[in-house]
Amino acid sequence: MRKKKININTIMPFLILGGMLIIFGIATHGQVFVKQNLLNLFNQSAATIIAGLGMIFVASMGGTDITHGSLLAVAAAFSAMAGQAFGAGGMFPTAILVGALSGLFLGVLNAKFKVPSFMASLSMLIALRAFVNWLLSARVIMVPQSIKFIDGFSFKLPALIVLIIIIGYIFKYTPFGTYLRAIGENENAIKYAGINVDKIKIVAFMISGIMAAIAGIFTIVRMGGSNNTLGNGFEMKVMMAMFIGGIPVQGGMGTKLYKLIVGAPTIILLENGMVLCGAGGGVTQGVRGVVLLAAVYLTMVIYSKFNGTGGSKSGAISKLLKECT
Amino acid sequence: MGVKMRKLKKQMILLGCIGAIFVISNMAVDGRLLTWNNMKIIITHAIFPSFVSWGMMFIFTSGLIDLSIGANILLSANIGAICAMDLGMGYFGLIGMTLISAVILEQLSVNCSVNLKIPSWISGLGMALIFEAILTFYSTIRSKTEGSSNITLVNYREMGSMPYMAIIWIIGFAAAYIIFNRSTLGLNIRAIGGNEGVAKAMGINMKKTMLSGAVVGALFIGMAAIIQESYAGKLASTSGLGSLSTIFKSLATVLLAQSFERVVSMPVGIIFSAVFVTSLFNVLTLIGVPSGTGQEMCLGAIVILCGIISHWRYKGVVK
Amino acid sequence: MAEEILKTENLSKSFGATKANKNINITIHSGSVFGLAGENGSGKSTLASIICGIQKRDGGIIYKDGNEYNPANLIEANRLHVSMVVQELGVVGSLPPAINMFLGRTDEFTTGGIVNLNKMEEAANKQLKKWDLGSIPMDCMTEELSIEQRKILELARALSTDPDFLVLDEISQALSHDRREILYRFIKRFTKEGKTILMVTHDLDEMMEICDTIAVLRDGEMIETKPTSEFTINELKRKMIGREISGEYYRSDWKEEYQEEVILEVENLTVPDQLKDISFQLHKGEILGVCGLSDAGIHSLGRALFGMSERRTGKVCVKTTKALLNKPKDVIKAGGAYLSKDRDLDGLMLDASLGSNLAVPSVSDLSGRLGFLNPREVKNLAEEIKDSFEIKATGIEHIVKSLSGGNRQKVNLSRWLVKDLKFIILDCPTRGVDIGVKAYIYNILKKAKKEGIGILLISDELSETIGMSDRIMIMRDRRIAGILSRNTDFTEDKIIEVML
Amino acid sequence: MKNFSKLFSILLVLTMTVLMLSGCSGKKASEDAQTRDDAETTAAPAGNQSEESTDSDGASGNTSGTYKIGYNYFGSGSYALLSLANNSKVAIDAFGNEAVGMDDEFSVEKIVQDIENMISSGADGLIIWLPAESLYLTVADICKQAEVPFVLNDKIPSDESIIKELKANPYFVGAVSPANSVYGEAIAQYALSQNLKTCIISSSGVGDASDTPRLEAFTKAFTEGGGEILAELHADAADAAQGQLEDTLVANPDPDFIYGVGSDFGIAAVSALENAGNTRAVVLTSGLDKQALSLLGNSPMKMVNGDFWICGMLSAVVLQNYLDGTPLKDANGGPVWVDNVMPFEVPADKYDLYTRFFLDEYCYSNDEIKQMSGKYNPDFNYDAFIKLIQDQDYSLDKRLIQKYKESKVTADELKAVGIDVD
């Protein structure tokens, strides 16, 4: 019984992705599988995955970090400046620094000052966007041609794989990762096990910020430069990738990395497939909404089928709103 | 009794702080803040967020975090306007249809969560995408045929103009307060939010309560939509979850109110927060802080600040 | 004998494969206190909740006052004058006490759809006064009340439905010694009015003391029902677990013995309005019991020692290494551990698997270079703990939530004992645990004592502290009131005398 | 629960149907994928030839049936963006092609994503709208690699090096953009001529692609002309803008006029002035929004100008000519580069005629548009195209005269608005 449930839950994201591939494969008469298009799919989902690799740390604690959209823009802007000043070499350190700082700030707010992460990161989202508006206004900062190679498949794929491996290692094979998920289950249990929860939280937020910043670099290199509308609504895209992959909203032990890595292409494929089907404008968005619901619903149904319980409430947020009182 | 005194003291402090802030900033803008005319403007701007926040209050408290509210407002407002103008249904169309569609849309998204066990804010996101898509269809067509992307409410705009707005506001507050603090529904919603187990055991019908809570919330949201439509004459459609930005201010308001719930009860807190947030923007404008950049940064800072203050020396788990 | 108030015939209930109740037949007479004894999972809570309509029965009939009785839910049961204080249900923290008391029945106080709070508060106070349960502040949020006040509030809530048949499920374990007295007084008055109480408790002494009749359940079957006077406590225990408790239950010896080496040294430990100037030493292989009245601060002591309480002054250190213990992680580093009173809230990850729960304290030890954590090692460790401590679960994938209270406590305790500890601070380790596990835990403690681990045993149950400790540290209003030795006569009266 | 599950399953079915429907169009797409190749083999070389040899290739372009043409718009909601897109669509339809519109959801990443996807979906040509300087070369490369011809619509780069590289790109067919700056200048001139000295600017989000150039041009011209800008406001949505304006009117109670960059903000300004009880200040705005126009005369709204986003159509024409094998080439064989599509003004009295001929029916009829392809009209070439723009043939007056020739409007009606046709 129990074993079975694990299996179903494990393969669910793959089922959804596979189903989607089949549907679009038929609908577009195989156009989806054209080499160029597969490459597009990869290019388009790369940034989402990278940012997700960070966000999952916060999500597994049951926290929320929706700064990604704006943070990406800020990091991109600064790293582009650095790129112009010191060449390609300057970009990554700058971006990472920016990401880390933002993450540190958020983490301290959440861990030390007990500001609910949703509240804090929402404010940051607004503030950082305003900041980048002020910083760039209509200005565009081009990235040096020398850095363009980053956008090449031959660099991006290995880079992505390395990142996944590193993050996967930290997330799954270190005490730190275990504590994260444990915090998602019951923060007190970890406190009473004599573990410095605050430190872990802060680090998690920092990693989240850093990954968002790195995603920022991959984005501007793709865009050719940074401008102030960069990364609009990016955070929601990343979240959808996690949700459609079946990562529990309230975090905890059910948070698995592969779910994100499968979820991101699923969302992208959905947009890509619809366009290939010749559906434009609002249609894609509407369908995206329905499929998101359908996917999560299916996961839930399967889950409750084998477990009897399905969380009808959004764990993290409802909890945090209660904490607000 | 001691508890009551402590609470009273807290309330006094809060009021004092707000008052002080107002006086100080009034000096900062050499007296242009606390003029009758300016206060009128601030109130005018505070009314929309207040209603949205009251709506959120009834939905969020029972644990349903619905992010489709923004899209809901845009869509139902446009539907109402169409009924009022194009279909010539006048005020009935504006008020009736907006409220009805607001309720229906809200029920859709809440049902997804309550009945289909989809975590509420995923269902919220999904529904937001769908609502926006519908509105996008409409405005794409309209911009072809009508020479304008979204319908403009030309007549029937009294509800967006001052005396009426304030009256509606006061009525809305009374309703929100009574329902939230003094009605079985409100108490049950709060019970569910506070401790599901107890609520169940005490024979409270969870599903029914949550859904009817959503209905009440939707009515407030609908009112908000009407007011904003009448006030601005036009609510433009968005895509890509742009609708979220419509409720950022209100979200901030609700979070603020929530942080001070230990001092004043939510409905009152919302009024304070709404006025506070709107006057913040007003003051910044008076000082000459540029909009689109400086002002939003300040908003972010202020919300965080309030978050810190309200959770000062707070024990317990915060996600 | 008074007339029958409640009678069940072949009552049965099963959850999936497991039969929680098999053909239960009980007859309860009005004006009596009827005790339900049994281990965790013996089906007493199930029986109680069926009677109160919280759960549906599969078969059988219940008669109340002679006519058939089949409540759909607790509310309907209330209407039929049956009420219950449900174990670990609690209250809504974010609502005022009065509303909590009448939750779900707020319509009774509405006029024109508007709830009249004052009326409600009056009613609430009347209720408390009526049974003199002590007063509870009404003009605050319930979360501001103490745990005991909340439990009393729950009792009042149950009483507010004006029951003539009241079920108390594990109410006393949340209450300290003096509040229990209030409870017992109430029970006497209640029954004197010809009303009836069905009592479910793990505290057998309590049961022997206040129940008129005791029914023993085991694995969902009714083993025996007879007047308390005809039971001896040992017979009762035997009936409950179906076997003689192996060896001694508490310690058999009556002398204070431990090694000279001091492990933990505490000097004028003080926490504002929690602890005043506490100084003591914990020796190697000593069990130091701590007891006191509800507000004596025994639980704060545990938290303070573990470094959880803020603005703590004074010195807590490991004698040998002189290492100061200011933060929880210092304690852990020094080979200490702390089990808080509230197992589920502060200890376990209820929705997580047994394995991950068992592993948590040890992962940092298991991790190698680059903090590498081998999943296999973790798994093995979990398996090992599970087997060596006989935790009853299908496997380490078993979700902890679905374990019995006893097993949960085993999980909570065992995962620490596998580390090589120097001392451990236990706060009510046997709270809500059945005899079997209780005995098991006591054996573990004895074993730990032999291995030279210093144990600080904080407990609400006098018998437990008396039974296990070498020395008992008695606290009164946040100070140490005295330390008794096991050598000198270790009697309940003497301790209580120091307590008050 | 039950009934809702039903409802939900209905929603699911709906998705599936949408997918299946789009499946059919997917079929078309794949057909086009095959046809595309020969379309290019004919078109691409044509692109590289100079302007003489057109007609011959025109025939060969003819054989390859209809084209699938993709166009993108930044996001829904703004009338300006949508009209631009619609104008492209009108032209594409007029030539009997299949049009695919992409909503970029206000995110630059999604623009690139959409372009890639449109290419994968087998588009034969792209009409591209880009908000940021950085994107041009990126997009140009994508199209070059995919060998898909593209035109730039409404927005063009200002950086010389970028322009040079673009023009070198064999698949870059041309660029048509309005003299955005002229909008601002026109408003500034008008204001100064009316002796309006102080103003408040209300515009969309900071750094918005279409508003910024207007804003800068206006600021420059106005301040140089001795005007004073009291405040510059930025808001994402019109309703927010109204609030800002009201706040600002407290800080600056008595401006001479408010410049609503973009019609929505003009409208917001009007209601803001009403609420503030300010009857003195006037409102000037850019963008031929019906609502804005309807306010002309009977409100503070004094002037509305715009080019009806005609670039959307013109750029489509450029692309069509390329695909038809009759590419428009400048004197030295380079691609079309138009950055001076002038705005025209719609005064209050011409409002009705405007709605009648620009909204109720499109300013150019399908046949007229067809005539803008060398394939259907051998006389149509680069010079004709440029002439059309320079003469502002698309402007209200010119169109009205044309409509008169088609006797859709009487001379008297035109006289009434001061146009003499004789």
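Observations, loosely collected:
Which chain is which? They are A, B, C and D, in the order written, and residues in each are numbered from 1.
The definition used in the following text is that a contact is a pair of C-beta atoms (placed from the backbone, for glycine too) under 8 Å apart; a residue touches a chain by one contact, two chains touch by 3 or more.
These numbers were taken from a predicted model, which means no experiment stands behind them.
Of the two chain pairs considered here, B-D and A-B, the higher C-beta contact count falls to A-B. Chain B and chain D have Cα centroids lying 36 Å from one another. Chain geometry summary: the mean Cα position of chain C and that of chain D are 73 Å apart.
Chain A and chain B, compared by their mean Cα positions, are separated by 28 Å. A straight line joining the Cα centres of chain B and chain C is 44 Å long.
Shared contact sites, meaning residues of chain A that touch two or more other chains, fall at 133-134, 188, 232-233, 281-283, 285-286, 290, 293, 297, 322, 325.
Multi-chain contact residues of chain D, defined as those touching 2 or more other chains: 8, 76, 101, 103, 105-107, 205-206, 234. Among all residues of chain C, those that touch two or more other chains are 94. By the definition of touch given earlier, these chain pairs are in contact: A-B, A-C, A-D, B-C, B-D.
Of all the residues in chain A, the ones that touch chain D in their complex are 23-24, 26-29, 31, 34, 36-37, 40, 43-44, 47, 133-134, 136-143, 219-220, 222-234, 268, 271-272, 274-287, 290-291, 293-294, 297. Touching chain A in their complex are the following residues of chain D: 8, 11-12, 14-15, 18-20, 22-23, 25-30, 33, 76, 98, 100-103, 105-109, 112-114, 116-122, 131-138, 146, 205-209, 212, 234. Within the complex, the chain B residues that touch chain C are 1-4, 7, 178, 182-184, 187-188, 190-191, 193-195, 197-199, 201-204, 262.
On the chain B side of its complex with chain A, the touching residues are 60-61, 63-65, 112-114, 116-123, 125-130, 132-134, 136-137, 140, 193-194, 239-242, 244, 248, 251-252, 255, 258-259, 261-262, 290, 292-297, 299-301, 303-304, 307-308, 310-311, 314, 316-319. On the chain B side of its complex with chain D, the touching residues are 29, 32, 35, 37-38, 41, 44-45, 111-112, 115-116, 132, 135-136, 139-140, 143-150, 152, 161-162, 228, 231-242, 245-246, 278, 281-282, 285-286, 288, 290-293.
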